[in-house]
């Protein structure tokens, strides 16, 4: 039981890390209807920018600010040179363009900041907290708790921003109907630049956390793959959904990895570990059976 | 005036229903077939056969499969590579376990096995759509590859999980040279492409397109969504499965499950989008573009770099390749969001009027 | 006398569309030189059949064409004596011209109230002023107030139409380009909406350029009318005159004094009209 | 028609490029199937950087191999099997004239090339990766899993651990944590055999690709509480494992990685967590090796270095790339001894050279490559040639070698290869060579 709890908590905490990446997807999808596959690459770019600036001698705080500026500029440039020219195209075309964008980043970022895997030290050690270890014999990492705190803060801020501010409402309006938003005078370009800027910021936060956790390297782009089932479960358009989905995926995937293979082994024989690759997706499918638009997603409104 | 339809009257219903109703198209196709079957085998080098033409044809077939699903039936899928993997492993096992089974029968069975998998993983399409469905098909992508890794029976207990394909023997003749393999692949692809062309204009094809354009409306006019969608998944997976079998037997010779990665699925998706969603021709154009572009960049960029005396390390050149690849994809989407097939259509429109534009 | 002349000329130079031409995709010529004039405080109806170019005209004014790969290639649009054809929709809304698109483009996932609030996007105003504007809209559209919390996508067609008009009102416009408000609505609702338009016109002094297929209804509320045919203005005049004009009755209202004419005659007539313009 | 135009264009360019670089008669050509981008790009950059630098070094220092200039052409495989084939086919025609062995540093690409290369008579080197049963040269004449195979390595690691445990593993618990692919699965059989002999308890824990999330696996390890974790990772999986070990408080000096989990690319990103972590290797790191220092002086001095980032010189993978090149060149030298000095060697001839390598410590010293490689002696029935590794430990800034050369249990492992190779021959319907008749 105690081990079960340990797995559960560790799963929930890594779920938070998935949610951080998923959040970037949600933001852009919510505001522009673009399924931005380049989010993983943006996480990579942001983390690289931080370590790149630090290598040039900038202290951590300055590097983070510089990286934020870079991400914002990058977001604006993306809007200006790619998305603006693809207004009114079907979603799949936009999706494709973001895959092109991902390739572009994956080529560009290492040229500018170097492709060496590097460490990113945020000053928070990823070690078990001794007090908890002694008292309950459970490993809970300080780093994970900090990450969870940051994610909670980020999500709350974003959710409030979307719900109650003028820009937030405009963002949601644009997501619903580009044309109508244009017609009432919402300047799409500004809105999209803002969204990409925010998504860049979220990517930066995710990049910092993941980079500090696993090192800064190309594999950061894979974080996107972990975020996709989170999106399905939480819904593509819900900020709180990203967190909820992250927690569900994180916890269930860890529990499944521990408890499912022995069951399968007794059924088929052989070693069935390593199911984390597909388990979240299959789980997400089952969620879709019950709620086709995710737990918190907006219902698709179909009027013929 | 070269491409003039005027004056070609259809006097019977059958004539109006031809695959290629315009005479110039028929001639064009015949010439094309003559070139690919007769001329190219005489000229191309081994490199062209085994590194470009064969993979081009195989990926065209896979793209065709995906295009049937996405372009005609409107169901986005990111699992094409997994269905190819099913095809590859199925063909291997049919060859291995059934004595004396002709290779073509194996391929067909492989396609059918993949179709089965397609139906299974197409089930979610009955209640979800759009990007939700796309992400759901990723479940197929990861799950199938995992299964192939985990059940050693499927790879005949090879310690590494890699399978080496059996020799290609057909009516006692062994296909060994790249040229023969090319002709084999070409024949299969040509037949299946024509079949696809025929299928998408049949009532099935029309049902798919109705589902694509608006499934609620389609169901209102009496199209049964479930059979239509599942059939699209099955046919698409069949094409991908055969492509996978060809990929293993005629191209790589040995495959491992990890080779059929998500990356490959994405490439196939690229092909149909760059080529033209909902176009048979587009599948071929897209496959050519996506396969040739990196090769072209790989050859051209170091050359350009050395020509201009740019002090790039090999790593930088490789990175620039990726960068340019990404940039070109975005560029093409901006210039022609409907793909290369649309460009070809516009050219045809112009030819219709040429040399007297209005 | 002099004062009223100045007023008249100011009214004349309110919204002037001067011989504009619109091409889609660089190939399809949709408007072939349309000129219109909307005096201040008027409701002007833009009539014509499907595909005549009504919507395109409105979009050419509001600059929403770009998103559809359309381009104004000739002519000019002036609002209050200033060229506005190169302005972004955002700028134009700030100057007081707003379009209400055809087909009730509500933001389906936002509530009715949120929809209205987005309408005030271009105005940087205080919370209090926002509240006042909202109340004003609710005053004209009491039905919206009762549905304020519901998702717009789930409200009825009439409510959605009211919602988009109300949303446009939130921008405090001087001029609304209203595209086909009657589309797909029950006659009673249409009537209700037109009454509100009339009220807005008289009480808030908002001018309207109204594109409509429902000719009879439009002419009942408008001061002036233009009839478009194939991208050209084929007839114009006082609403009252148009309503009683034989040709209009014939072709747009389906009422004829001399019995039903054959389709051949109509074709002939239309061709003549087009040629003449 | 557009398609035709496209391909015609590509054809024109590629023909222009190919003909431009036609090979002169007495030049030794090296087809290089390298990768420098993608998830493993950083590893490829170091390895192939070292490889190319050494070829250049031989040209600059000795004016080629006995006067035969070395030329090479690179092709980016992106660690992707299909692209690897394309690259191979592209370079194949030139390689038919003269060729050095092909190094892919990718098990997948190597597998895909085994049959083709044998058919085209181009030797395929798989140093520390690839098809391990190719140790049996009677079935695989053109494939060379040189230096050490995974199985021998695993066995050697266990021997090291055993020594540390004062000569006995009985009753110990060892977890094998592996990348769930061909690479990670190969040593399992060997480990299981060893477990039987040495009576330790073996637990297998696979990690799904790419392995950037290992929370569950390490919690399981925490629950098992093993004495050692033997670790077969690649790419991001390595850093993640080291970090995850820290997270659950598992001591890093109880972790021993394979040689693909023991480079600076793996430990640096893990930061302080990597301190104490051990891994296998067959080559030492650093510029203390005279050859490496000399390469930096000669090649980079002449401004012809292959690396954009010179700080990689002397890293594990760079040095490994150099060692791969050293072996290739030595094989060509050997071949020239038999087939004529000062001549370019064909694939067939180089194959003979590779099968008859005999590199003693004295020879290594001569080249300045002491400890860059173990002694190697290959033969028809032993394409591996050594089977030895060293264990190194990360001290927070660099790798420190902590053992001498350790050889795996050859008597146990090599029969496994033999059996597997025989099965392959049967499946393919081929008759193995008779090694007794060779030489």
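Lettered A, B, C and D in written order, each chain numbered from 1.
Throughout what follows, a contact is a pair of C-beta atoms (placed from the backbone, for glycine too) under 8 Å apart; a residue touches a chain by one contact, two chains touch by 3 or more.
As the structure is a computational prediction, the values presented were derived from the model and not from experiment.
With contact taken as defined at the outset, subunit A and subunit D are each touched by B. Chain centres computed from CA atoms place C at the largest separation from subunit D.
Separating the centre of subunit B from that of subunit C, both taken as means of CA atoms, is a distance of 49 Å. Rounded to a whole number, the gap between the C-alpha centres of subunit A and subunit B is 32 angstrom.
Distance between chain centres (mean CA atoms), subunit C to subunit D: 73 Å.
For the pair subunit A and subunit C, the distance between mean C-alpha positions equals 44 Å. Shared contact sites, meaning residues of subunit D that touch two or more other chains, fall at 36-37, 41, 45, 180, 208-209, 309. Under the contact definition stated at the top, the residues of subunit B that touch 2 or more other chains are 146, 315-316, 319, 321-322. Multi-chain contact residues, meaning those touching two or more other chains, occur in subunit A at positions 106-107, 110, 115, 271, 274-275, 277. Interchain contacts (touch definition given at top) occur between A-B, A-C, A-D, B-D.
Per the touch definition, subunit D reaches subunit B in the complex via residues 1-3, 6-7, 9-11, 13-14, 17, 34-37, 41, 45, 48-49, 52, 74-76, 80-83, 85-86, 88-90, 92-93, 107-108, 111-112, 114-116, 131, 180-182, 185-186, 188-189, 208-209, 306-309, 420, 424, 427-429. Of all the residues in subunit A, the ones that touch subunit C in their complex are 87-88, 166, 169-170, 172-173, 175-187, 237, 298, 301, 303. Here subunit B touches subunit A in the complex through residues 70, 76, 124, 127-128, 130-132, 134-136, 138-139, 142-143, 145-146, 150-152, 214, 216-217, 220, 262, 266, 269-270, 273-274, 277, 315-316, 319-330, 333-334, 337, going by the rule given at the top. Residues 45-48, 50-52, 55, 146, 149, 159-162, 164, 167, 251-256, 258-259, 263-264, 284-285, 288-289, 292, 294-296, 298-300, 302-303, 312-316, 318-319, 321-322, 340, 343-344, 347 of subunit B are the ones touching subunit D in the complex. Chain contact summary for the complex, subunit A toward subunit B: residues 35, 82, 85-86, 89-93, 95-97, 99-108, 110-111, 115, 225, 228-229, 231-232, 236, 268, 270-272, 274-275, 277-278, 281-282, 284-285, 288-289, 292-294, 302, 304.
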